[in-house]
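Order of writing sets the labels: A, B and C. Residues in every chain begin at 1.
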Amino acid sequence: MKQGTARWRMNDKVIRSLLFVCAAISVVAVLLITVMIFVEAFPALKETGVWDFIAGTKWKPTDTPPQFGILPMIVGSVYVTGLALLFGLPIGMATSIFMAEIAPPKVAVVLRRAIEILAGIPSVVYGFFGLMMVVPIVQTLGGTGMSVLTASIILAVMILPTIVSVSEAALRAVPAEYKEGSLALGASHWQTIVRVQVPAAKSGILAATVLGIGRAVGETMAVILVAGNIPVIPESILKAVRTMTVNIVLEMGYVQPGSLHYSALFATGAVLFVFIMLLNFSIRALTKTRGEKQKNAKKH
Amino acid sequence: MENAVKISVKNLNLYYGDLQALKEVNIEISENSVTALIGPSGCGKSTFLKTLNRMNDLIPNTKITGEVLLDGNDIYAGDCDVIELRKNIGMVFQKPNPFPMSVFDNVAYGPRVHGERNKRALQETVERSLKAAALWDEVKDRLSKPALGLSGGQQQRLCIARVLAVQPEVVLMDEPTSSLDPISTGKIEDLMDELKKKYTIIIVTHNMQQAARISERTAFFLLGDLIEEGDTIDIFKTPRDKRTEDYITGRFG
Amino acid sequence: MQRSTRKKAVQGVAFSFLWIGAIITIVVLLVIVGYILYQGVPGLSWEFLTQSPKAGGKEGGILPMLVNTIFLVIASLAIAIPVGVLSAVFLAEYAKQGRIVRLIRSAAENLAGIPSIIFGLFGFIFFGKILGLGWSLLNGALTAAIVVLPTIMRTSEEALLAVPQSYREGSLSLGATRWQTVTRVVLPAASPGILAGLMLSMGRIVGETAALIFTLGSADRIAQSLMDSARPLSVHLYILAHEGISTPKAFSTATVLIILVLILNLTAAFLVSRANKNRKTKG
């Protein structure tokens, strides 16, 4: 009996270590990804200088001497993301409030399915759809149709599922007592939504927005097909634009491994990576404060 | 009875789906008094309370027949304005439910949603309501602090102040002291004595002694029926119905 | 009285905007899926699904890409399922809440937020160059496995945590070890939720493109081994569209992609709702 218990303890230890190794793989993966990207980015950043790389406005990798300035791509990413939020956030907020508060249950179920399907459509399909349907429409406004505007319309649709599902969950997590309290004071349902429920779900809604930003900034295949991809800061929303992600895919195909140009593409990836990590941390901070608040609320 | 009738309920039935939760309830509630609703859990007393400001509208699949007259007007008539109704009939919940805002914003919430923008007027209303709820002295230095930082008893008095700030005529209270300590409970009971001079109060309570202490009238509910209703003294001393007597003397429930 | 009439008018206007927002969401979905299917379905045929592409995709079918996609899904899940599910078992059943668990969770959350293209760069350099896998099915599968790892971990952990504590107590009280309890009671009870996560992960792999271009390569024939370069459907669609090779073939390829992803997502949704129902009747 005693021996059996000892063996059981042994096994349990072995299993535990094995499971731990599996779980540690995510940590190792994040570390490896970080190290790899920055190691490869180093030569270009060193040669160009971090500031000149980020703030340089000329991207001429094949000139002699080559020029590596990715400001146009940074600005490009900011433009398309900002505009995508401008389109996507109002619709996403409206849909999430609708689903959490006023939709008849059956309608809410249909919407949830629709959102799940939108989330599942591959990004290359979005890009292809944009190319075939949105580009010709934007063309009628002037230009080639491959533009900041087109890219942001497609991105707005792509971030919709993230915004809707995360904010809906945040709204549903607001205690029912708040709603009852407000209605019992004679506030209308809409006043209750605007003055009590949305403020109470604020941090979740903010997290949804930041997640949406992350998705838009990191999106590649959808943008590459509709944005025109010229590495110049666009003068209007009807002009072509190149984002950081596109810059990588477009030139990775023909670049000489080990060259400065190659390293500059990884450096573009590194800038993107830093940006995404900052977003990740802000989401963590947002959701953390929310969790703590709820804990405090429960204590009283 | 010297006071005028404020609320008059006639043949009220309420169904949750197939389940009948209230059966042919008839009762008159007079102005400027405290009416206590007592009875075992699930007897329909809280449900009845919620029919008076139509908070039961929030529960799906409820059906109501009969009349609830407030100052002679049926609140279930098609032309009744639910928002106006809830402004006139305030409600204090079992669990204190202040909003996640400052103390001031909690009390000012009602006046604001009803259109008050004037800052001075809001300040006056907040101070008056907090004083009326016997909370002013405890919170006057922390009006801008989060309401969730107050103690449970303070939160409940804040919720009462929040109701008073919209100047209702009737205040419904759903077991307002059941989650509070004895000292806070005492404060709120004293407060009710004060409030009944201006308001009509209807309170659901599990606590027999509380009902006896604070109310003029008492109504006893059982399984959706209003068994007996009358002056509190009579109900507790000489109940007419055997079931009322059993409940009051603690023989069931 | 007047006040509340105005309040209601404001509410009416506001609610119509909410309805409009929701309707836009549905309409957008219908337009996208409808347009692709409308243009793509006519080009679908038995030949399209069973022939190899000719003239770089201008003619012929998509058989190799379809098969490569299936290979990719199988290979990456073969890596990601054990790692992901066992990680979830560690987090939900074995680990004490503390610094290490927090570190693992935050790593998984960070992974989930990293864009595909970064995974692509990483796979290219680490698996491709350093480990010498080049552009190959194995490289693509390893990279895709990292892409879906956070999804599998999160959905599996949620499914495990939803298993009632009484199940564990029941098993442990009969003298079963913790591992026996996990494998014989907890994991089976959590399996619908875990399966739903796997379906979602399959959808993600099928649609993944940016992480695969530099890892899986774009050879348009059926991969003969794990070390072969293999173009999946998503990359095929990208090449057809980006290089303007054939619009009709692109539409038909997009249609196949959408149908695959729809099937996977709807199966996941079905599994989730069934898991919830079970929980309700049991709980």
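FYI, contacts are C-beta pairs under 8 Å (C-beta built on N, C-alpha and C of every residue); 3 or more make two chains touch, one makes a residue touch a chain.
Just so it is clear, the model here is predicted, and its values are computed rather than measured.
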Q) Given the two chain pairs A-C and B-C, which is bridged by the higher number of C-beta pairs in contact? A) A-C
Q) By C-alpha centroid distance to the whole-protein centroid, which chain wins? A) A
Q: Mind checking the centre-to-centre distance between chain A and chain B? Centres are C-alpha means, answer in whole Å.
A: 48
**Q.** For chain A paired with chain C, centre-to-centre distance based on mean C-alpha positions, whole Å
**A.** 16
Q. So, what's the distance in Å between the C-alpha centres of chain C and chain B?
A. 52
Q | chain A residues counted as touching two or more neighbouring chains | A | 186, 188, 191
(Q) For chain C, give me the residues that contact two or more of the other chains. (A) 4, 7-8
Q. Which chain B residues sit where two or more other chains touch them?
A. 83-84, 87, 113-114
Q | chain A to chain C touching residues, read off their complex | A | 8, 11-12, 15-16, 18-20, 22-27, 29-30, 32-33, 36-37, 40, 90-95, 97-99, 101-103, 107, 110-111, 113-129, 131-133, 157, 160, 164, 186, 188-191, 194, 211, 214, 217-221, 224-225, 245, 248-249, 252-253, 257, 265-266, 269, 272-273, 276-277, 279-280, 283-284
(Q) Under the definition above, what is the set of chain C residues touching chain A in their complex? (A) 4, 7-8, 10-11, 14-15, 17-22, 24-26, 28-29, 31-33, 35-36, 39, 82-83, 86-87, 89-91, 94-95, 103-104, 106-111, 113-122, 124-126, 129, 146, 149-150, 153, 177-179, 200, 203, 206-210, 213-214, 234-235, 237-238, 241-242, 247, 250-251, 254, 257-258, 261-262, 264-266, 268-269
**Q.** Contact footprint of chain A on chain B as seen in their complex
**A.** 53, 55, 58, 83-88, 90-91, 93, 95, 97-101, 109-110, 112-114, 148-152, 155, 159, 162-163, 166
Q: State the interface residues of chain A toward chain B in the complex, per the touch definition above.
A: 175, 177-178, 180-188, 191, 195-196, 199-200, 293, 296-297, 300
Q) For the complex, which residues does chain B have touching chain C? A) 81, 83-84, 87, 113-115
